[in-house]
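After this come two complexes, each holding subunit A, first together with subunit B and then together with subunit C.
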Partner chain A sequence: MTPQKSIWEKLQEIDRRILYLILAIAVTVPLWIPAKLPVIPDSTSMDLYGQLMSVPEDKTVFVQSDWTVSTRGESQGHLEALLRILMARRIKFVIYAAADPQAPQVFRNVILGLNQEREARGLPPYRQWEDYIDLGAFLNAEGTLNSIGQDVRKLFGPRRSADTEGRERPVLESPVLSRVQKIGDAGLYVVVTASATIDVAVQRISGKTKLAAMTTGVVFPSVLPFYQSGQVVGAAGGLKGVYDMEFLMANGVNVVSPTGKVEAQFPAKAELTAPPLTEIEPKTVTFARGQRYFLSFHAAIVLLIIAVVVGNIGMYKMRKNRRGA
Partner chain B sequence: MNPETYLLIKLTFGVLATIGLYSVLYKETKLYRFFEHVFLGLAAGFSIVFLWRETLFPLWWEKMVGQIDEQSGALVQPAYWAYIVFLPIGLMAYTVFSKKNGWMSRVPIGVILGLWAGQQVQVWWQTYGGQIAGTMQPVIPTGLAGPAGTFQWTKPGNTGLTPEQIADFNTKIWPSQAVNNLIFVITVLAALSYFLFSFELKGKAMIGFNKLGRWLLMIGFGAIFGSTVMARFALVIDRMSFVFVEWVQSIQAVFNRGA
Partner chain C sequence: MIPLAQAPPITFWGVQPGSGEMWVKIVVALVVCLLIMFGLTFLPNAGRKAVVWGFTFAGGLFYVLLWIVPTPINRGPSDLPRPGEEFGFWLQDALPHIVNSANILTAFLLGLGIYSLLRVHLGRIAKRQPDREFSAILLVCMVVMAGFGYADWIMRRFGEGREKLELMQNWTPVQYAFDLMFDGLLQQMDAAMFSMIAFFILSAAYRAFRIRSVESTVLMASALILMLSLLGALVALWNGGVDAMAVALNLPNASVDLKEAHFLNNFKLNEVANWVRSFLQVPALRALEFGVGLGALAMGLRLWLGLEKGGISA
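The block that comes next holds the complex of A and B.
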C-alpha cells in the first residue's frame, strides 16, 4: 500500500496549467475593480515629469518610439502619458521609430486614440504638420541615432509629409521642424522603448541634448546607471512608471496651492516643483491604464510570493521526510 | 460598415490570436502553430515592404534617380548616380549561399564591421565616461544644520525658504545623501573587487570584501530578475484587459448601437 501523500507533496505536484488558470483569474478580476492604491512615485518618474513640464513652449520634443504590441501593457501607457502631457501643454513633437518596422503603426494608433479622446472632450485635436510630425521608421538604431547626433536635418531631409492643405512637402518646412537646426535644439529627447535602443541613444546623442527614457521593466535596470550618472535626466520604468506618470499628471510635484499649502509633497525631491496638468480631465489620468492595471499587478505579485513560499516549504518538508524515511 | 462593428471585427481577430498563442500554455496545439506562422509571415512581409518604403526608397532610390515635385514639376533633388555603387556591394551579401563565390560576402560584412569598429571608441566613452564620473560621489556631509539651526538628516524642503537659502542648501551634501553615496561607492568597489582575477586575494579583509561584492552582485541580479518578472506580469494583465475589458466593451458598443 502506497503511503498517503502530505498536503505539501500534493501542492508540489499541482499541474502548472492550474497555476496559469489561477494567475489568469487573479489578474482579470481586479481589472473590474476601480481601486486606487497608495503609492509614492519614484524619483526617476518625478524627474521625468519635471523635465516634461519645463520644456519651453517653442521647443520641439523628439519622441523615439521603439515598441510594438508585444509590450503594449507597459509601453502604451508610457507613450499615452508622454503625449498627453505634450498635447496638454501644446508642445510640438516629432515621432519616429528607430528599431522595429511595426512600431509606427502602433504609435499612430495611440495618437489616433488620444485625438479621439480630445475631440470627445471638445479640445482641438493634434494635427500632423502643424502640431506634430510622424516620420515613420528608420530601420537601424545605430545609424539613425548617429545621424541624429551628427546632422538631424540631413537625416530628416528626404522625408515628406502632407501639409494642412494636403500638399506633400519636405518635413523640414513644417512648423514642427523648421526651427530645429541640430539635435541640441530639441526641448527633450524621449526614448519610449522595449529594447536596448536607449543604450544606443546614450551612446550616440547623450551630451548633445537632454535625454529621457520610458522603458519596460525588463530594460529599466539598465537605465538606472544612466540616470544615476545624469546621462538620462528622467525615466519611467515598467507599469510602475505608467502609474507614476498618471499620478503626477493629476497631482504634480511639491506644488504650493493658493492657500499656501504644499500639495503632493515629496521631501526626497524637495528641489523639484512641477504643477499638475490643468487641461486633463481628472478621470482620464487618475484611472487610466496604469491605475487600471495596478491592482491586478499587485494580485499577481501576491500570488507569486505565495507560490514561492509554499513551494519552498513543500520542498523543505519533502526533503525532511525523505531523510527521515 | 460602422466604426463600432469594424472595431469589433478587428478586436475579435486579436482575441482569437491571443487565445491561439496562449493555448501553448495548455499544450502545443495546431491552433498555436497556425497563429505563430501567421505572426511570423505577417512580420516578415511587413518588414520587407517597410524596408523599401521607409529606408531604401527615400534614402537610396530617390537620391539615386533624383526627385521632382509632382505638382509644380520643379527639381527638388538632383540625381546622384554614384549611389548605384551600393547595389552590388549589398548584393554581395547574398553570395554567402554559394560555395564558389561565398568569399564575396565578406566585402559588405567588412564594410559594416569597419564602420562599426571605427565608432566604438566614441561609443565606449559615451556609455561609460559619464558613469565613471558619476561614481565619484562625495561621502562626507557638508550640510548639517537646517534653516532653524538644528541638526538636519535630509535636505530641507523649499517651503518658506529664501532663494539664497535654497541655492545654499542645494550645494550641500546632507547626512542621508552622504550615507547613500557611501553605500553606492562601497557597492561599486566591492563588485569590482569580485572581478580581480589577476592575483590571489589574501587576508580576511580582502576575501571578505570580495565576498561582499559577490553578495551585492547577487542582490543586483535578483532585483533585475524581479523587475523582469513584473514586466511579464504587466504583459499578461494587458492581454487579459484586451480580452475581458476592451473586447467585451466593443461587443457592448455594437449592441448599444443596434438597440
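The block that comes next holds the complex of A and C.
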C-alpha cells in the first residue's frame, strides 16, 4: 500500500498550469480595481521630478526613446508621465530613437494618444514643428550619441520636417531646435529605455548636459552607480518609478500649503521642493497607467514571495520526513 | 530669423532634398558601390583579409583619434581653429558623416536580413518542404506590413491634407489597416510574448529557488527586502508600525508626523532597501562593470588589430 502523501509533498508536485492560472488571476483581477495606493517615492524619482519641474520654459528637452511594446507596461508609463509634465509646462521637446527601428512608431502612438487625451479635456494639443520635433530613428546608438555630444547641429542638420504650413524645412529652423547650438543648451536629456543605451548616453553625454533616465526595472540597478556619482541627475525605474512619477505629479514634493503645513513630506529629500503638476495645468491627467498596474504589481510580487516561501517550507518538511523515515 | 536658426550650409554631402542633383548622386553612388563590390569578388582570400582588416582598422582608428586628439568644446558656428588645432576641428567635422555612414551600413543589415528571409522561405516553398505554409504566412505578412507601412508614411509625409491624418476621424483605409497590423497585432503579440516570462519566473521561484546554503540565504534575504520595498502599500504599513513603535517607546525626537529623526527610522523598509542598494548592490555592480569594461577594451583591441581568433586572422 502506498503511503499517503503529506500536503507539502502534494504542493511540491503541483501542476505548473495551476501556478500559471493563479498568476493570471492574481494579475488580471486587480486591473479592474482602481486603487490609489500609498507610496514613498524613491529619491531618484523625486530628483527626476524636481529636475523636470525646474527646466526653464525657453529650453528644449531632448527625449531619447529606446523601447518597444515588449516593455510597454513600464516604458510607456514612463514616456507618458514625462510627456505629460512637458506638455503641461509647455516645454518644447525633440524626440528620437537611437536603437530599435520600431521605437519611433511606438512613441508616435504615445504622442497621438496624449494629444487626443488633451483635446478631450479641452487642453491645447502639442503640434509637430511648433511644440515638438520627431526625428525618427538613428540606428547606431554609439555613433549617434557620440555625435550628439560633439556637435548636435551637424547630426540633426540634414533632417527635415513639415512646418505648420506643410512645407518641408530643416528641423534646425523649427522653434524647437532654433536655439539649440550644442547639447549643453538642452534643458534636460532624458533617456527612456529598456536596454543598455543609458550606459552609452552616460559615456557620451554626461558632463555636457543634465542627463536623466527612465528605465525598466531590470535595467534600473545599472543606473544607480551613475546616479550616485552625479552623472545621472534623476531616474525612474520600473513600474514603481511610473507610479512614483504619477504620485509626484498629483502631490508634488515637500509642498508648503497656504496654511503653512508641508504636504507630501519626504524627509529623504527635505531640500527639494516641487509643486504638483495640477497646480500648473489643473485639467492634466496625473494618475494613469502606473495606478492601473500598481495593484497587479503588488499581487504578482506577493505571489512570487509566497511561492518561494511555500516551496522552501515544502522542501524542508519533505527532508525532515525522509530523515524521520 | 535668428542666426542660430539657420541650417548648416549645404555641402557636397548634403544636397537639396528632391533635387535632380540628389538623384544623380544617389545613382552614381549606387553604381560606384556595386562596381567596387563586384571588383572585390575577384580578390583572392589573402587580399580579402587585407581589405576587411583595413576597413576595421580605419573605422577603429577614427574613434581612437577622436578620443586622443583634443577637439573643440562648445564650438560656435564662427569659431576657427588656431594653429595646431586644425586636425581636431577636422575630426569633429567628420564625425556626423562617419555616424551617417555607420547608420547606412546598419540599414544594409536590414536589407541583408530581408534577403536572407526571402532566400530561405522562398526556397522552402519552391521545394515544397514540410511547414511551407508557415513560410508563406511569414512572407505575406512581411510584404503586407511593409506595403501598408510605406503607404501610410507617404500619405502622412507628402499627401494632400496630411495634417488632418493626426485625427482618427480623418483616417483612410490605409491608416486603419496599418493600425490594425502594427498596433493591433504585431505590438500585442510582442507584448504577450514578453509577458510570458512572468509565468516561467513564478514556476522557477516555486520549484528552483531553494535555501540550501548561507550564500543562497543572503541572496534570498536581500531579494526579499528589495521586492518588499517596491510595494508601496506594504512600505506605508511597515513604516507606520515603526513610527508607532518609536512613539510607544517614547524615543527622543520621535513624533508621528515624521518631522524629526529617530533611531528606529533606520528600520523603515525603504531605508533598509536603500542601504542594501547603496552599500551592497551598487558597489558590486561597479566592480562588475569595471571588469566588463576592461574585458571589452581587451576584446576591442584584439578585434581592431585583427588578432582575434575566428575573426580576420582565421
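In this text, the second predicted complex is superposed on the first by the 316 of 325 C-alpha atoms of A that agree within 3 Å, B and C clash if a C-alpha of one lies under 4 Å from a C-alpha of the other, contacts with A are read in each partner's own complex, and residues count from 1 in each chain.
Heads up, the rule we're going with is that a contact is a pair of C-beta atoms (placed from the backbone, for glycine too) under 8 Å apart; a residue touches a chain by one contact, two chains touch by 3 or more.
Since the structure is predicted, the reported quantities are computational estimates derived from the model, not experimental observations.
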Room on subunit A for both subunit B and subunit C (clash or fit): clash
Which superposed partner A:Glu173 touches (first subunit B, second subunit C, both, neither): second
First, second, both or neither for A:Pro124, with subunit B first and subunit C second: neither
Subunit B versus subunit C as contact partner of A:Gly207, first or second or both or neither: first
Partner chain(s) touched by A:Pro225 [first = subunit B, second = subunit C, both, neither]: both
Partner chain in contact with A:Pro34 - subunit B first, subunit C second, else both or neither: neither
First, second, both or neither for A:Ala162, with subunit B first and subunit C second: second
Touching partner for A:Asn146 - first (subunit B), second (subunit C), both, neither: both
Partner chain(s) touched by A:Glu271 [first = subunit B, second = subunit C, both, neither]: first
Contacts of A:Gly113 with subunit B and subunit C, given as first, second, both or neither: neither
Superposition clash, subunit B versus subunit C, among 61-69, 133-141 or 241-249: 61-69
Intersection of subunit A interface sets (partners subunit B, subunit C): 20, 23, 27, 70-73, 101, 138-140, 146, 158, 168, 170, 221, 225, 228, 238, 240, 265, 267-268, 297, 300-301, 304
Residues of subunit A touching subunit B in the complex: 17, 20, 23-24, 27-28, 31-32, 70-74, 76, 101-102, 104, 136-140, 142, 146, 158-159, 167-168, 170, 199, 202-204, 206-207, 216-218, 220-221, 225-226, 228-231, 237-240, 254, 256, 262, 265, 267-268, 270-271, 273, 292-293, 296-297, 300-301, 304
Residues of subunit B that touch subunit A when the two form their complex: 25-26, 43, 46-47, 50-51, 53-55, 58-59, 62-63, 70-71, 76-77, 116, 119, 122-123, 126-127, 130-131, 133-135, 154-159, 166, 170, 184, 223-224, 227-231, 233-242, 244-245
Residue ranges of subunit A in contact with subunit C within the complex: 14, 16, 19-20, 23, 27, 37-40, 42-43, 68-73, 101, 105-106, 109, 112, 115-116, 138-140, 143-144, 146-147, 150-151, 153-155, 157-158, 160, 162, 166, 168, 170, 172-173, 178-182, 184, 221-222, 224-225, 228, 238, 240, 243, 265, 267-268, 294, 297-298, 300-305, 307-308, 310-312, 315
Residue numbers on subunit C that touch subunit A, as the complex places them: 1-2, 4-8, 14, 17, 63, 66, 71, 74-77, 92-93, 95-96, 98-100, 102-103, 106-107, 110, 157, 162-163, 166, 168, 182-183, 187-188, 190-191, 193-195, 198-199, 201-203, 205-207, 209-211, 220, 224, 227-228, 230-236, 239, 257-259, 261, 270, 274, 277-278, 281-282, 285-286, 289
